[in-house]
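Letters A, B, C and D mark the chains in the order given here, with residues in each chain numbered from 1 onward.
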Amino acid sequence: MSLVTRIFTQRAHSSQLSRLFCLLGVVSIAFLSNLSLAAERLTLTGSSTVAPLALEMAKRFEKNNPDVRIDVQTGGSSRGVNDARVGLADIGMVSRALKESEQDLTAHLIALDGIGIIVHSSNTVKELSRQQIIDIYQGKIRNWADVDGPNLEITVVNKAEGRSTLELFLHFFELKNSQIRPQVVIGDNQQGIKTVSGNPGAIGYVSIGTAEFEHNRGTPIKLLPMDGKEATVKGVASGEYPLSRPLNLVTKAQPEGFAASFIEFAQSTDVLDLIENQFFVAP
Amino acid sequence: MIVAETLAPRLSEDIIESRAPAHIKVNELAIYYGKKLAVNGISLSLHRGKITALIGPSGCGKTSFLTTLNQLSKLNNQVTVTGEIHFDGENLTQNNVDLLSLRRRVGMIFQKPNPFPLSIFKNLDIPLKEHGFKNRAERIEKIENALKAVGLWDEVKDRLNTSALSLSGGQQQRLCIARALVLEPEVLLMDEPCSALDPISSGIVEELISSLRDKYTVVIVTHNLAQAKRISDYTAFFWTQNGAGKLIEFNNTRQLFSGPKDERTAAYISGIKG
Amino acid sequence: MIDRAFSLGIYAIIALVIATFGWIIGDVIIKGISVVSWEFLISEPEDAGRAGGIAPILVSTLYVLIIALVIALPLGISAAIWLAEFSQNQSHTLHVGIILDVLAGVPSIVYGLFGNAFFCIYLGLGYSLLSGGLTLACMILPVFIRTCESGIRSVQSDWRLGGLALGMRRSVVIWKILLPAAQPAIIAGLILSIGRATAETAALLFTSGYVDRMPESIFDSARVLAVHIYDLTMNVTGGDETAYGSALILIVLIILLNTLAQGFIDSWFKRSGHYR
Amino acid sequence: MGALSFVCAALLCLILGFLLYESWSLVADGRWLSFFSQTGWYPLEGLFGMTPMIFASLVLTFGSLVIALPVGLACAIFLEFYAKGWVKKSFQSLLNLLAGIPSVVLGLWGLTELVPLIGQIKAPGTSVLAGAVVLSLMILPTLALTSYAALTSVDRSILAGAQALGLTQKTQILAIAVPAARSGIMSGVLLASARALGETMVVLMVAGNVVQMPSSLFAPVRALTANIALEMAYALGGHRASLYVSGLLLTIIVWILAYLASYLFNKGRTVSHD
């Protein structure tokens, strides 16, 4: 600090610039020497639905294998596929089944999840039919009063393209994204929950696991049943809940080294409690 | 006196040359900016230990000529110089001249005082270090001597580490002269060293320049004819002819002012033209 | 009468401006101060940043800044010296100048696009502190070069000539006389660049990523303060409080740097003014 | 030294090169033309209509100017004609301080304070209005300070003349001073709009991100920059290339604005010197 102050305060100054350079040089050398100490690293990117679960698994895995460092980043399932494919990530996180065009990758199932419709907890609406949901998302129903709710304008929250939640939602309701008239477009599940929890008239759809997790923390949202089936983890586990999906870890080829042992760990019984804590269903 | 005036110019130059040896001898020097001729026809001798004044109207090539003597003209790659400048047997217009050692031997003082934005001490210390004086005690001694030589020592000895820019204009100019002297040059080039100063400072600097006589060969550009008359031993008169500067007359100062041989010189010094 | 109404109008707008910015700054300070503590600065974020502190995020911010500076500083200063001192070819200098001005105007998100394509994928650095730092270096270089260049150019040519007339080498004149004289401008440019780099979010989203853990090497992905604020605001329910805390820290950091820059610019003008 | 600066120049060319390289697949076969003809942005369905987002960007920028320009001018007038002494100094440093607030912090404030307010009028609150207001707060300090500089450089004698005619202060300011400073003010406006157009975080956080033509002040919209930030993370193939094209497009618009700004600035300078 004193060196920096001196650099900044002295008036006669022929050598201070060189001192600054030296300072930077020393710091950069310190950084470079840091490089050799870096541990073995695994990078996971992709679905924001899988990310919190993968992060918890990674923490436990790191505890057992102190030489490994696992970085988890979100960005959507498509990014998980893409990053795993081009090698930006060792493992991609994908919250859906792999498509035909993605058969060059290998999927490793770690859990199941459902997608649930959420509204603000102050909303008196108890249930919405499929057609009502379709109409709301197409902008044909604009007020909650039309579906036996409060006299409140509906704020439609949609997911950004590239999110598997969106793809599953569209597929399930046989909609095209261009037919949807949203008022807000969000990326991550968390952002959807935050938007809905801060807006009494909002409706959105997110991972049931994430929604239950948030709901139990006291976030003011509630899950609506679908086709009369409660949107709960139990419903997903029993297969009754209609809108569910697999959560996968994907790799480019057969995984090796730590990637292989991490996937093996993620599929083992050692992580069942983690899956449960995150309100997902073990396969 | 009367004899000298009536004699032909050739004779007077012969007399001069026989009295004081030439330190720098310039022969048919011409300066071009790009393709345009800027100055030509300069042939003269600068005598060791004497003060030579260059006079003439603005834009007639005095300063351009001055900068060829320490090859500062090379900074501008548009400038080409032809002819010869003999300095201790070396022709400066050749390309193989060691510029750094040349500039150490030929110091220069600029119109505007230009002390570096450093302390008074460092202004003199950095050039010394640059020219290989490794011993600090030796450098301190040289600096003290140079400052004494310009009469600045008593004024600044207690604040050598303060900024040179805090000095007055006259003090700054004397510091610049000290900075040139500290390298122990043989020749000093001065480009209107007093013109940016107030009359009192100007007088002090002028006295200082006078006191440099015999120790250094001084070439001074000045617009102040009275000053040229007061301090110089020789005077060269430049004039613009056909768009290019030209040396018209070069003579012993007393003779040039009392009996100019060219009518343009006569007109200029009597204040009719320029 | 007309004058009075006009003056009142002006004062009303000024009051509005002060009130609005007072609201923003007051908001950040009041909501932020309740979160900020020594603990906050030195502990790891917990529960996606809702609790805990910002230690790894501060460290990552500094990492990215220092990487950017280690690259941009020497490169920028030498480019500025070259532009101001050595380039004899006027049109060449002009062209480089135009390229720099153009690049200075490129939106930061576009630097993010470039950084992602070049550093992360093409050079294979992945989402890492290094990619982020390099991207920021590219982003701050144009402005930094231009500030330094004008600083060096504005150094009086008398000093240049004076140095050369004393038989000093050109490199010595530049290093010992011109650069120290231009130093306030260089440091001001430097600090402004630091301010810009510290506040940057968009360019880092796809280059350094947003892993909120303590980085162990420059190849680790990590989250800087600005990205942390963004993530807390947008993606974390109940993350607003810590977002305000982080915002307070970020603003204090930047004000500190800006004040320093301003001080240097002032002293720079004072000194050259004194001389003239 | 030269080599280093060439590295530097090369690096900067690389940026342009890579942007072009990444977007080339769309530019080369002319598919980029469909960005303007298609109406919607549904990359999953192969629709890449950028027009709504270009419009949103322009509307947000324009809206922010509509708010910030009068307020910024008022601040400049206040600084130049009303404020004195410490008031002036502290208002100036307030503006400087505000100029240093990171845009992400403004976004945070907008999302947590302003958006809920607007949401009470019409849900959800994330809208053109919110985006324009927060953007205007972002550009206000710059706009005020550049306008102030322009007003300061207006020739004092013009104002003295106006005063001598007995004009009211309002007329002096609005009819004489502001028009005389208009080129400086305009160049500030153009720079500010370039900044607003290139800003990502503010519009990403408070404008709602729905791809649609802005139909009302309360309609949520998605700007070009926000689109890049939102979709870059998972865009592939043509989708990714289209984001790079939008980056290029943005850059070109910003350059044009910056060029106009410097043109006006220089013009203003030469005029005031004449």
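Here, a contact is a pair of C-beta atoms (placed from the backbone, for glycine too) under 8 Å apart; a residue touches a chain by one contact, two chains touch by 3 or more.
Everything numeric here is computed off the predicted structure, so don't read it as measured data.
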Contacts shared by subunit C with subunit D include exactly A
Quick check on the contact network: minimum steps from subunit B to subunit D? 2
Using only alpha carbons, which chain's centroid is the nearest to the whole structure's centroid? C
Can you tell me which chain lies farthest from subunit B, using the average of the Cα atoms as each chain's centre? A
Skim through the chains and flag the pair connected by the most C-beta pairs in contact. C-D
Separation of subunit B from subunit C, taking each centre as the mean of its C-alpha atoms, in whole Å: 49
Provide the C-alpha centroid distance between subunit A and subunit C, rounded to the nearest whole angstrom. 31
For subunit A paired with subunit B, centre-to-centre distance based on mean C-alpha positions, whole Å: 79
For subunit B, jot down the residues that touch at least 2 other chains. 118, 126
If I count partner chains per residue in subunit C, which residues reach a count of at least 2? 74, 176, 180, 234
Residue numbers of subunit D (touch at least two other chains): 233
In the complex, subunit C residues that touch subunit B: 88, 156, 158-159, 161-169, 172, 176-177, 180-181, 271, 274-275
Can you list the subunit C residues touching subunit D in their complex? 2-3, 6-7, 9-11, 13-14, 16-18, 20-21, 23-25, 27-28, 74-76, 78-79, 81-83, 86, 96, 99-103, 105-114, 116-118, 122, 138, 141-142, 145, 195, 198-199, 201-202, 205-206, 226, 229-230, 233-234, 240, 243-244, 247, 250-251, 254-255, 258, 262
Listed in rising order, the residues of subunit B that touch subunit C in the complex are 70, 72, 75, 77, 99-104, 107-108, 110, 112, 114-118, 126-127, 130-131, 165-166, 176, 179-180, 183
Help me check something: in the complex, which residues belonging to subunit D touch subunit C? 1-2, 4-5, 7-9, 11-15, 18-19, 21-22, 70-71, 74-75, 77-78, 82, 91, 94, 96-98, 100-109, 111-113, 137, 140, 168-170, 173, 194, 197-201, 204-205, 225, 228-229, 232-233, 243-244, 247-248, 250-251, 254-255, 257-258, 262
Listed in rising order, subunit A residues that touch subunit D in their complex are 75-79, 82, 152-153, 155, 158, 160-163, 167, 176-178, 182-187, 195, 198-199, 201-202
